[in-house]
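First chain A sits with chain B, and in the next complex the same chain sits with chain C.
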Partner chain A sequence: MDIYISGASQISMQEPLSTGWFTQPVLYDASYRRSVEADYRQFIAPMAARRMGRLLKRAIAVSSDALRQAGLDMPDAIITGTGLGCIENTENFLSAMTFQGEELLQPTQFIHSTHNTIGAQVALHLHCHGYNSTFTHTGISFESALADACCQMQTGRIATALVGGHDEMTPGYFRLLEKTGYWKPDATQARLRLADTPGAMAGETSVAMVLRNVCSDTAMARIAGVSLLCKPDDRRLTEAVEELTQGTIPDALMTGRSGDCADARIYRHISQMLYRDRVPALWYKHVFGESYTASAFGILTAALCLQRQTVPAPWLLRPEDVGRLPQALQNILCITQFQNKVYALTFLKSC
Partner chain B sequence: MIPEIYITGCGICSALGIGKKAIWEAIGRMQSGIGEMHHLATAHRELPVGEVPLDEASLRQRLNIPPDEVSTRTELLGRLALLEAVEESGLEPWLQRDNRIALVSGTTVGGMDKSEMYFRDFLENDTRNAYIATHDCGACTEMIAAAAGHFDRITTISTACSSAANAILTGSAWLRTGQCEVAVVGGSECITKFHLNGFRTLMILDEKPCRPFDASRAGLNLGEGAAYLVLATGPALEKYGMKPLFRLSGCGNACDAFHQTASSPNGEGAYRAMREALRESGLQPADIGYINAHGTGTPNNDLSEGLAIERLFGAVPIPPVSSTKAFTGHTTSASGSIEAVLSLMVLEHQQIPVNLRYTRRTEGLSFDAATSPQPPAEIRHVLSNSFGFGGNDTSCIFSKL
Partner chain C sequence: MEEDLMLNLKKQIIEVLNLEEISPEDIADDAPLFGEGLGLDSIDALELIVLMERNYGIKLSDPVQSKAIFQSLKTMADYIAANRTK
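Let's turn to the complex of A and B:
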């Protein structure tokens, strides 16, 4: 079955609701950047916006923008990927409960703390009664949502879907993850590229994509397939890639390299093992930072490369690979993994 | 041609006990698992709850967990249920590399029991840092999975109280599209101070044992537990030597899109979810022999759900309807699979779990909840409802072979 990305939008540390970053991203030397907020008044009435946390406002903005691009008013499904859900409200409720006791807690913080608040608020905003689900599995949360959209299209339950990847990174949660060695204390672009020390640069993700089972003028790329894998060995990973690409050697490999040294070793091994390092490797987490759903930016960037038939220099892991890219880009294999436990493969083709 | 989906085994734990046998016996005795709080460290000790009757040390002992291994209560409950499911299905020896066996698990609290216990430590010292990485839902699923063996594909669903029902739906979609050969599906959730307090701020907890569908109902009681089902298509039955016990006929998912925590007055989302499950099953309302309702016991849910059932059946007589939450408490993210397992036991034993503490019909509804275990006719298909915050409504239909 042919499934097309027919519209996409993002809010991140780059310019919001824009694709200006595709050719000229702002490259930060920082351990932690929050997203640049958009002007939400064009999407949400001020009264409603006051009650919403920033993650919900971002989700509604990118969803509305992606639907507008795709020329779709009402999707058949809203499928959300989020690693942590509305962590700001979760933290606030937890903090109040811990330090002020169990008597004076605010219902609003609890109501807006569950993972599915994001998909539910988008559905409320659109008045969408269709299929609605939320996947929350670390670094493959977004791909789980994407795979579900493809499955539900194949079984004929839906023909269009709004798929989102949403995670915020609060200062509090940043500090907790810092304790587990998650972030690079002195993250610079040079260090991220070298990936010789532990840790990544923290970022936030709000990405929405509109999927359709027909090709339209707005189609950016075709999703040839999505595979999820749990702790695959080399043999299983090779087999899954072959099934997905049907033996085609992709024009480029979009890797989820975060700048962490252990993570970089895994991607180096994959690239070597699958293609003897002959396929140009691309990356995006130096532009958008790391978060549970950051891999949505990899798929978005790959789709833009295929749509515009160009790979701007910032996305190449090794600048010298530019000469190895074909004139006509036909396909990109996006590969992401989380701590070597779960993997997701997304194979994109040009329309 | 859509392949048939068979259920080859299941496992469960709840306030009624550990394992299907104990739980079905308690239901037969009409013995509720709801009672005094024993394990949760909260200021609201007066609230009745449905706790799994084992503390953490006993759970760890039962599962032979070494002292230096971290665990969360949601994980421990999940492991108990998963073990029973894989054992009954005979899947245990097959949970290794090269087999396309998947796990889809639902949870919302994940490792919150430890996060709320050690939140001060997280902020003030480094003694409990191991539990930072067990907080998120995906980590919880991976811990549950690792204890059973190797799964080829794994993910986690969090749609609040319909999480486990959506795990069933997703697993069946993976099977139908050939993403896996066997899908183990379900969910796990322990009671936490976090959501007990959250539900309390919403004023939807009853201070007395809950009375689903009864005119006097005044809210829900929280419960906890886990349940998993083993789903497979025909060719996989042969390959893994599994015996089909029941069929999953179909699932429906819809969004109420009315309010973050309340159901619409007419139960639009509930109606659409049930209608979609019937459509996918190729069944008619008259084919349904029993409805395991979501029936939380809140004034809002039970009326809204009841009206949606009336709308679905129209002129067709409504089959027996009961909520098992008066037995188990509302097991939130696990309720979809816990009630799926109870639905399978209804098909097996041809007995209805009565709607405990039901005495008077709700104004505005035209039917009574079931108070007799004897079904009026053979039950061939059971419809099970799970509705969550955010209007995430899901229905599943389970059938005899």
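Let's turn to the complex of A and C:
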């Protein structure tokens, strides 16, 4: 069965609800940037929005915008990937527990401190009573949601799905990870590209994609397959890629390179092992930053490359690879790995 | 004194319920809090119960009594004035 990305929207450190970033992204020299907020009043009534934290507002905005682009009022399913859910509410709830002796806790903070609040609030907003599921699988949470949507479609249970990837980076959580060396203190674009020191640039993710089992006018790319792997060795990874691509050499590799030196070594090894480093490598975390669901931006960027049949310069890891890209882009293999433990492969083809 | 309590209560409700676009002057003393008027819901009721206990030391446990107390801002303020412990 063919599955198509028929609409997609994002809120990030780039211009919200826009694709202007695809050709002209704002490239920050910073360790930490929060998302640029959209005008949520066009999506959510003030009385409904008052209880929502910023991640919920972003999720509803990108979901509504992606559905509008796809020309779909109601999806058959809402499937969400998130590493930490509404961590801001969780922090507030835990702080209140600490400082108020576990008494007199505000119910709203508690309700929103669960991971599946995001998918639930989107469903409440859309009045969607269909299948609703949330995946919290560290760095492959978004691909896990994508894989579930594909399975549900292939078994004929659903024909459309709203798949989201949502994570926020609060100052508190940023500081905690900073202590472990997770972020690059001098995260300039040059240093991220060089990837010769530990650490990445922190970002936030809100991405929604509408999947359909038919190719409509709005289709951006076809999802040829999604594969999830746990601690694969080189042989297993190679087999999984060959199975997914059916031996096709992709036109480009969309890598999840974050700018961290250990992370870069892993992606260099993959590219060398699979294709002797001959396939142009693309990246996106220098534009959107690192978060548990940042890979959603990689898939979104790859889908836009296939839809518009171009790879703008900012996405090329090595600028000289521009001459190695084919005139007609047919497919892109997106590879995500998290701490060399879990891997996700997403193979996209042009429509 | 009663006016001070009423104004403080309005400010506290706006803060705890995150009523961003509402000012104390917009809340009529006698207007219903739930359904019409402010249009609050059951989760807001829980927030108000927490507010009463945390700010005024009043513990509400009888749902019938709570319904009468939360009828309007004035009924809330009257109950607080008569029963507050802090």
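Keep in mind that, in the parts below, the second predicted complex is superposed on the first by the 351 of 351 C-alpha atoms of A that agree within 3 Å, B and C clash if a C-alpha of one lies under 4 Å from a C-alpha of the other, contacts with A are read in each partner's own complex, and residues count from 1 in each chain.
Heads up, the rule we're going with is that a residue touches a chain if its C-beta (ideal position, glycine included) is under 8 Å from a C-beta of that chain, and two chains touch if they have at least 3 such contacts.
Owing to the predicted nature of the structure, the values given are computational and were not obtained by experimental measurement.
Asker: Regarding the shared-chain residue A:R276, is it in contact with chain B (first), chain C (second), both, or neither?
Answerer: neither
Asker: Between chain B (first) and chain C (second), which does A:M47 come into contact with in this model arrangement: first, second, both, or neither?
Answerer: second
Asker: Counting touched residues of chain A, say whether chain B or chain C comes out ahead.
Answerer: B
Asker: Looking at the overlay, does A:Q106 come into contact with chain B only (first), chain C only (second), both, or neither?
Answerer: both
Asker: Using the superposition described at the top, list the residues of chain A that contact chain B and also contact chain C.
Answerer: Of chain A, residues 105-107, 111 contact chain B in one complex and chain C in the other.
Asker: Given the complex with chain C, which residues does chain A contribute to the contact?
Answerer: 46-47, 50-51, 100, 104-108, 111
Asker: Taking the touch rule as given, give the residues of chain B at its contact with chain A in the complex, in rising order.
Answerer: 2, 42-44, 97-98, 103, 108, 115-116, 119-120, 122, 126, 129, 132-133, 136-139, 141-142, 145, 150-160, 166, 169-170, 173-174, 176-177, 179, 193-195, 197-202, 253-261, 268-269, 272, 276, 280, 388-392
Asker: Which residues, counting only chain A, touch chain B once they are in their complex?
Answerer: 78, 83-85, 93-95, 97-98, 101-103, 105-107, 110-117, 119-121, 123-124, 126-138, 140-141, 144, 147-148, 150-152, 154-155, 157, 176-177, 179-180, 228-233, 236, 292, 338, 341-342
Asker: Which of the residues in chain C end up touching chain A in this complex?
Answerer: 16-21, 39, 43, 46-47, 50, 53-54
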